[in-house]
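As written, the chain order gives the labels A, B and C, with residue 1 at the start of each chain.
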Amino acid sequence: MRHLLDIKDLSRKEIETILERAMWYKSLKVYPKTLEGKFVLTAFFEPSTRTKVSFQKAAMNLGANVIDFAPESSSLLKGETDLDTILTLNMMDFDCLVVRIRRNGAPKEFSKYVKMPVVNAGDGTNEHPTQALLDAMTMVEHFNTLKLKVAIVGDIVHSRVARSLTELLNKFGAEVRMVGPKGFVPESFEGVSLITNDLEEAIHDVDVIYALRIQKERLEESYPNVDDFFRTMQINSKTIELAPKHAVLMHPGPFNRNVEVSDDVVYSERSKILEQVKNGVFVRMAVLEFAMGVIEVESVRSMEASLAGR
Amino acid sequence: MRHLLDIKDLSRKEIETILERAMWYKSLKVYPKTLEGKFVLTAFFEPSTRTKVSFQKAAMNLGANVIDFAPESSSLLKGETDLDTILTLNMMDFDCLVVRIRRNGAPKEFSKYVKMPVVNAGDGTNEHPTQALLDAMTMVEHFNTLKLKVAIVGDIVHSRVARSLTELLNKFGAEVRMVGPKGFVPESFEGVSLITNDLEEAIHDVDVIYALRIQKERLEESYPNVDDFFRTMQINSKTIELAPKHAVLMHPGPFNRNVEVSDDVVYSERSKILEQVKNGVFVRMAVLEFAMGVIEVESVRSMEASLAGR
Amino acid sequence: MRHLLDIKDLSRKEIETILERAMWYKSLKVYPKTLEGKFVLTAFFEPSTRTKVSFQKAAMNLGANVIDFAPESSSLLKGETDLDTILTLNMMDFDCLVVRIRRNGAPKEFSKYVKMPVVNAGDGTNEHPTQALLDAMTMVEHFNTLKLKVAIVGDIVHSRVARSLTELLNKFGAEVRMVGPKGFVPESFEGVSLITNDLEEAIHDVDVIYALRIQKERLEESYPNVDDFFRTMQINSKTIELAPKHAVLMHPGPFNRNVEVSDDVVYSERSKILEQVKNGVFVRMAVLEFAMGVIEVESVRSMEASLAGR
């Protein structure tokens, strides 16, 4: 049993174990029922139907039973804390808790009190580790290494994805840059080589353009000229030419068509967006096995060579 | 693999195949696990809990796994199109998509982009093919033919059920009539022999009275005298006498007690309403098998004789 | 097949059968798949996600399939009665209906019309029999008898839990008292030996303090001095000293931290609150088997001796 709370706590070895297992699953047509008889509880305090479906599919692919706890805002308003809710559910003998919640650090807090492994499916602006793992899998598949130049583009300040991905890429020697409109990028960020408002500066020599969701309302409030944004910061058939020909486009979804990405690139050949979704199921299969102790780090041969290869 | 999008696209032969399979299932106590290992995704953008339960039960009766994607209005408001949502879910490797949605034609659109069969569980005012199939099964069971006189009564203009049912009945030589208050019936409708506001004219010699839901609010707005409606258009113990003794009452549900149907007929001996619900599960079992290629049209002996028999 | 609608209708023997089975399940690591192939329908018209998860886990522990019908307020507003909804679902061939609903007596009404056993998961202010059963199990485990002095504390007037628990305890010779602020306790209550507004009077010699949820809003309206309430009626580290050292604290959950119970007692050694939740799953496993005829009263040896023992 092993919690999966954030990328920080995972060793390179553990990450490699998970990615290797996920890639193996992707190569199979029929999956072994390694989680048969297990019960997985999904508790999404902050709704996210796509990530929930991805986890449910992953668990059921391996034969697990899944029960979804759908918190009503009402019952939480009634005065019960989210920790008390989790402590209650903890008494019902589940083998794994997959939790999404708005409160930063809540999954870590829960993990101290419950007897089952906790998998963080996104907590506030803190971490979204399975997203970073599936992103890494997608990059490794394409480039056969993580020693890459990656530019994260968009609303970075509010993004747990940016944090988890940067942590992970740093562990494997990638160079991470951040670019976005003023007010959307942090002043400084550990492990990031460049923070800028200039898209070209950020992406002219990258391997990966990693676009993040921008909420139009927020953009209109903070940005003097929205049309200007679309010309200079949106990833579209023009701005994507600022990057090298070999660079790929990624996005954690859901995306705003014609806000941060335009119709003409979102499903183009350079886009890995749907591949990320596909890999998400395989990564979560491995993560659930990792959390429930089905796969062990020790038993897996090193991937370091290939990951750090190029 | 075969999409089931509307009645138009189904041949007589295909309809017979589905109905025969559904009737066979109705005769069994234990069902073969023909969908074991399959994953069915239900995505009801427009909520309908009864139809969803019917599909879920049908899938699970045959051993399939079911995952429900419950779209939050929020995430769709955030700017993601319904097609992008479906394209995302499509990457998670489901074997069948059952979709209900308000937008006319959306299931057909989805079917062009996804790699799994799409079953239309109702799209806007367009089609509701599994409802028409279960209605046909109920009629065939009772009359042993579809060469029937059927009067559809009520709010026909807004009804996808009316459209799908008329399409289906036309294929098998039934005579379809439409009757309802002014503003609730179309000016013309292909394949319909009579459109009227006079209930007696419509039902005096029918085999089936098929009542549709009427929303009281809408009725009060459009109809000069609501009491008059209840006397002349509501199906109740008096007005049902306008039809022949052998005529049966059907309704797709949910019904408004004492609006379009009265307490004293809704579960009477002449009502097939609950039988329709029961048949719905069997029809959907067959439809899911049909969509996933478990049953093939070619392998089924003709039912044409019996259906067109009488 | 046997409905489980309220405690009133259960004999001592039946209650003992259920508790003994639940305790046996608690001792096992792997459960027999006694409900394999069965379909359980959960229909929570009044939402309660914890009780629903408990029933779902119980059913799936024994191999049953579970489908959840989640009533939309919209469809019920459209004019369909809850009975018509249930009659519809009844046609889809489920083996058991677990229902929660605001309307008192509705589960009993449903049971007259459906062909499957009905388990009441709480109806309005009427009954919540599985809660009383799990409470009894928790008491028997700790005290090895139900001949106990039990004080129910808090908002009793609005509590279905108080009613079911009192019924059950009365059957086994327990002494039940009720204590709460004015307006929160009934004037009289069958089978209750003391009704008071004085906490000390109620609990000075009890075995069990059974606290009920109090809604703060309601408290502020009805109670002249809320601080006074917290000093005299809240169960906290001071007021719990009014009870004997051996007395335990119970609560059906969810609780309002620092309203009816304080932080320092809620998970203290004297608290059985989490044990109640744990026992809930085992009791519901037994209840589902009982309802579906898997366990029979006749086949179980008497527990009367031990329950009435002390």
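Brief remarks on what is shown
Here is the rule we use: a contact is a pair of C-beta atoms (placed from the backbone, for glycine too) under 8 Å apart; a residue touches a chain by one contact, two chains touch by 3 or more.
Given the structure is predicted, the values throughout are model-derived calculations rather than measurements.
Minimum number of contact steps separating chain A from chain C: 1.
Here chain B and chain C face each other with different sets of residues for the most part; under half of the interface numbers are shared between them. Chain B is reached from chain A by a rotation of 120°, derived from superposing Cα atoms (nearest 5). Separating the CA-averaged centres of chain B and chain C is a span of 41 Å. Across the complex, chain A is touched by residues 37, 39, 41, 65, 67, 69-72, 74-75, 78-81, 84-85, 87-89, 91-94 of chain B. Across the complex, chain B meets chain C through its residues 30, 47-50, 53-54, 56-57, 60, 213, 215-216, 253-257, 259, 267, 274-275, 277-278, 280-281.
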